[in-house]
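Before anything else, here is the set of structures, which you'll find just below.
Two complexes come next, and they have one chain in common, subunit A, joined by subunit B in the first and subunit C in the second.
Let's look at the complex of A and B:
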């Protein structure tokens, strides 16, 4: 599942081997176009983070003020229209970005940290007792559907986007654990790791100084991918009523609120979904480009 | 034979661990378990709680027993196939599950039946045709589809096919036509995920010597090579994803059942979490973990059927490794 937005041979065709002069089976130098595209996407993402931090800079209306007529369709003043009590939908979507983006980030940080710890511990001595125990533990968490796991955490700690984010992070940590374990095992076979071990370096030093700098690539791509997945999952939980509570402009809440009025005001439910999709597509594209780089 | 025994022991361990993880997650961490179990302020007002004799209630549901005692009772019940009674309406959990399961199985099964051939078709379209436009369209479509929020696609489908076109009902679980839209949403999602794995698998395989040189040299056409030679090799990551997919499908049905207001496992899950009906939640965990384990075992058998080499070696070890590499 690491492979999203597979863009096809198209790119290969646009960068013919003649241009680089490299024979087919040797790794070609990093295609510059791809790097450029990555930079564009990262800039876009940085802009999103900026908007997420300061949403009021680009909105003209307050997300909670009832300053329009209910169900105004999208127009010049209310770009995304207004909702059932006349709040400006554009402003609500922009303010919702903050919650969706940062809760997604929290989830992915939880998953990355937890998964890396488990993955490194079990990858250092594959087949050892620690590896076996952690393996069964990982599989047990995988056996519980992530939605249910999240719901269990929410039952005990109360609802909210950030609680949901931690729950989603725990669920996603299993994937990270498997990936990191594989990467660590693979890195263990590199000659320079063996050399370091022969020189008497401690396992921790080998991990931080030798394995991590050489193996973070796939993990980074997987992180970007899971960022998007986490945002989708948190949106679903909010939609089900386990994330943020209704006055909040979180996107899942906006979509579930708008579903009731679908018959005569499609934009209330549809537009926040477009926003969520756009951010997830951007993240998946970044994940893909990162993956290609290494 | 010992392979089967190991596998079985492993499966039991996973179900057991899933039960334990959920048990301690649900029962230990928060403050007052009985308040959580009879319902917090969400289900009954703050004022009503003060009148209740909490201690009597605790004894009634066995919460005054020590935690280990409760855990032990739960495990014993589990071994007898007894999942306890719902804390909200006092019906046996097994009965509730039995009522909800057929609806979900119909939806999940049907969408799997739709998604496998569709995923295959998309994958072949993404690799086989000479036209680059068709190839890139077929390979971009699945990746775009998996970036969409499932519940939002559901709403979009309701808007387009139910409200605007009026072809299908927007929800409910009675008529067969109500099954069309939810099946479409989940089936397309499955197809997109299968296609993604198959495409990358087929791309790798078609570049290998046997497919790029040997088969054409014998006069095999591109399509023939792809289907008869590459597909079997590309099926390994596909199988791994298939196993994961079934688990995710059950998760996906939660949201879809709510969007289309169908009854089923997912809806039961949401309702019992909302009313803090913990025994039902635990029962759901056990059932879903069982499904996960059974599917994984089937996937391992699938590996052995596909690859004769694995049958000769220790079958399970090889399959487990394959799965790890591809996931």
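Let's look at the complex of A and C:
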């Protein structure tokens, strides 16, 4: 019955008086269908983590054993086929998941922790000296492309997915710092935060009890999004030869190793590529579903 | 598609058995339940009710502006002899604007910030497919703006909404609603977002446009005094049902339904079908009532003493002098009211008293301590003795905490007692503000506005303060709830001998609860004194205007 072609400002302004009880900052229940989809995705992701923790539970071959003929196409024994020297690709992809997932997680934890500390410190007193110093620092890090930053760290501390992860995490922390700062400043304008101040609550208590529980939503969504991006970045570094090195089954390594044989053994490069894409898409979707407003 | 014809029927609009539901997360809420009303031609009909009564839903259903989750599930809306519900959205659109005008509640959200006023008024003509030539349109727009009280409408056309005050915007929207000379104009709480005096201008402009263009007006409002003074007929809604309808003077003089009686009882202003002025309402109360409340004891030093307090926001050149040399004294154990409209500086003054803002100059002494020179730790000590209740209980309670957590906050922050002692204290406080003990685990979302404000009061009282700053404590609440909350605050004051510093825009509230009052305007006090003096013999014109509302 509603005429949706009207200027939205009219519709927005005129909520029925039944609805006027709820201000915008209250957690609104998510529509059930989205909640269901989120549950399915989170279950899938939990399964991936489980596989990442115990990869040998679902593989029948060792990822490093040369136990098949080279370039066997996917079949009943070798589900994803074998690579150029006869290793089981399924087993390599599953073991590679462990590296990709946990290095991505490390990157995002580094980014989250570092970014939150910087963001909260600068958001508590926007415009203060601490905010200015941290702002300049954040901008300086932002000005350096994160891949370049990662390369610098890798050349200093050596190769490896986890070293790359820390470097990527530092680069991504800037985004978190900006987001958290904004969220904290916004939360500072909530009347109940001021009420807590007049109740005598100390700053730490205000942050943990009043600001964080009401502001973590966007940060959570950004974390999921960045998780996927970090996995992609680490994969790219390995692909370029700066992350993990062969014979590691890291996905970037698998893709770069397999691309030479793309013409006659497509699966060697394509299947790890699809796996990486699928996990990143899953994380992006979770990030989208975690956002409160659409 | 046929245009509705002017017919001779006495009712321009009749609604029969209209039902509207809202789809919610888990259930379907009925907002209107077989509502039948009729709107007499050429007069003003007020639809009154409290929040949740469905009055806005009714207005929106008629102009087909229900939110996306609202559905009309049955009934007939007969406008000029035609059931407009049978029209498709597309066929309905020419009706709106051209035959049914609409004045929305929020003038800020209802104008497009990126277009000039002139462009938006011209758009109304285009949307209604007006046959007038552009020159005539321009001429009429200027004429209409003059009618709603703009002296120089030519300059107004080139301005953007943000350059206008709320009252000016609302008058622009009134001009826009009447611009196509609609037979019916529906105004949905047209003044509730505005200051009292500004709201009166808007109502005056509606009346002028209505008489000049012979329109019928439907006024949606929660304000009985406003309805009584501006409408000929009244329809009372309660929870989606019409409980009473008729001539305003009859319904208000002899209400038949208990809900109408309750509404009238909560408004001291409407008595025997007549609106009393604030002074009349004040004088009408029993003499013993007037002096109720603790007698201010002059022996003690005052709870609050301000002398020459100034506060400026922004730079010296671009900025506002929010508080411009205020001096006042609040005796202990009494209620002092600071009255003013938005932008008068009253909230800034209360924030200075609370130590949330620092005064640029002057002396601020609260409970014998000089707030301006206090260090942060001393300020925190002072906060044990000074608490605050905010205007909107929807915003002042952390939605993630249970009531126990909210009320216990100051106890925990100051480390009062152990866990069990605190829990007992919270239970006592819930009892004090007349909420069931079982509510301790509930979240604010599960409570009504009045209940939430009780929680805010309980929190403010938790550490037994001596002074409570009440920042518009009831203006976000329905009238019947307002009375209850004010009564509760009065009881608590008598029981604990508290001092209240009340900040409000509503002199009627002041007359009910305060002993002394100061009227603030543009950062200055224009008048102050005992409530009886100020209300019954105001000396300043501004005070008089506020009282005449």
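In the analysis below, the second predicted complex is superposed on the first by the 262 of 294 C-alpha atoms of A that agree within 3 Å, B and C clash if a C-alpha of one lies under 4 Å from a C-alpha of the other, contacts with A are read in each partner's own complex, and residues count from 1 in each chain.
What we mean here is this: a contact is a pair of C-beta atoms (placed from the backbone, for glycine too) under 8 Å apart; a residue touches a chain by one contact, two chains touch by 3 or more.
Small disclaimer: the values here were computed from a predicted structure and weren't measured.
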Report task. Name the contact category of A:141: first (subunit B only), second (subunit C only), both, or neither. Result -> first
Query raised in the report: Regarding the shared-chain residue A:157, is it in contact with subunit B (first), subunit C (second), both, or neither?
Result: first
Query raised in the report: Once the shared chain is lined up, is A:195 touching subunit B (first), subunit C (second), both, or neither of them?
Result: second
Query raised in the report: Which partner does A:32 reach: the first (subunit B), the second (subunit C), both, or neither?
Result: second
Query raised in the report: Which partner does A:44 reach: the first (subunit B), the second (subunit C), both, or neither?
Result: neither
**Report entry** Partner chain in contact with A:117 - subunit B first, subunit C second, else both or neither
**Finding:** neither
Report summary line: Both subunit B and subunit C touch subunit A at residues 1, 3-7, 9-10, 13
Report summary line: Counting only contacts in the complex, subunit C reaches subunit A at residues 22, 25-26, 29, 31, 51-57, 60, 64-68, 70-72, 89, 92-93, 104-106, 109-112, 188, 354, 356, 380, 383-384, 386-388, 390, 392, 394-401, 409-410, 413-414, 444-445, 448-449, 456, 459, 462-463
Report task. Going by the contact rule at the top, pick out the subunit A residues touching subunit B in the complex. Result -> 1, 3-10, 13, 136-137, 139-148, 151-157, 175, 178, 182, 228, 232, 235-236, 239-242, 252, 255-256, 258-259, 262-263, 266, 269-270, 273, 276-277, 280-281, 284
Report task. In the complex, go through subunit A and note every residue touching subunit C. Result -> 1-7, 9-23, 25-27, 29, 31-32, 190-192, 194-202, 205, 209-210, 213-214
Report task. Can you check the complex and tell me which residues of subunit B touch subunit A? Result -> 10, 13-15, 17-18, 20-22, 25-26, 29-30, 36, 126, 132, 135-136, 139-140, 143-144, 146-152, 155-156, 158-159, 163, 193, 196-197, 199-200, 241, 244, 247-248, 250-251, 254-255, 258-259, 269-270, 273-274, 276, 278, 281, 284-285, 288-289, 292-293, 324-325, 327
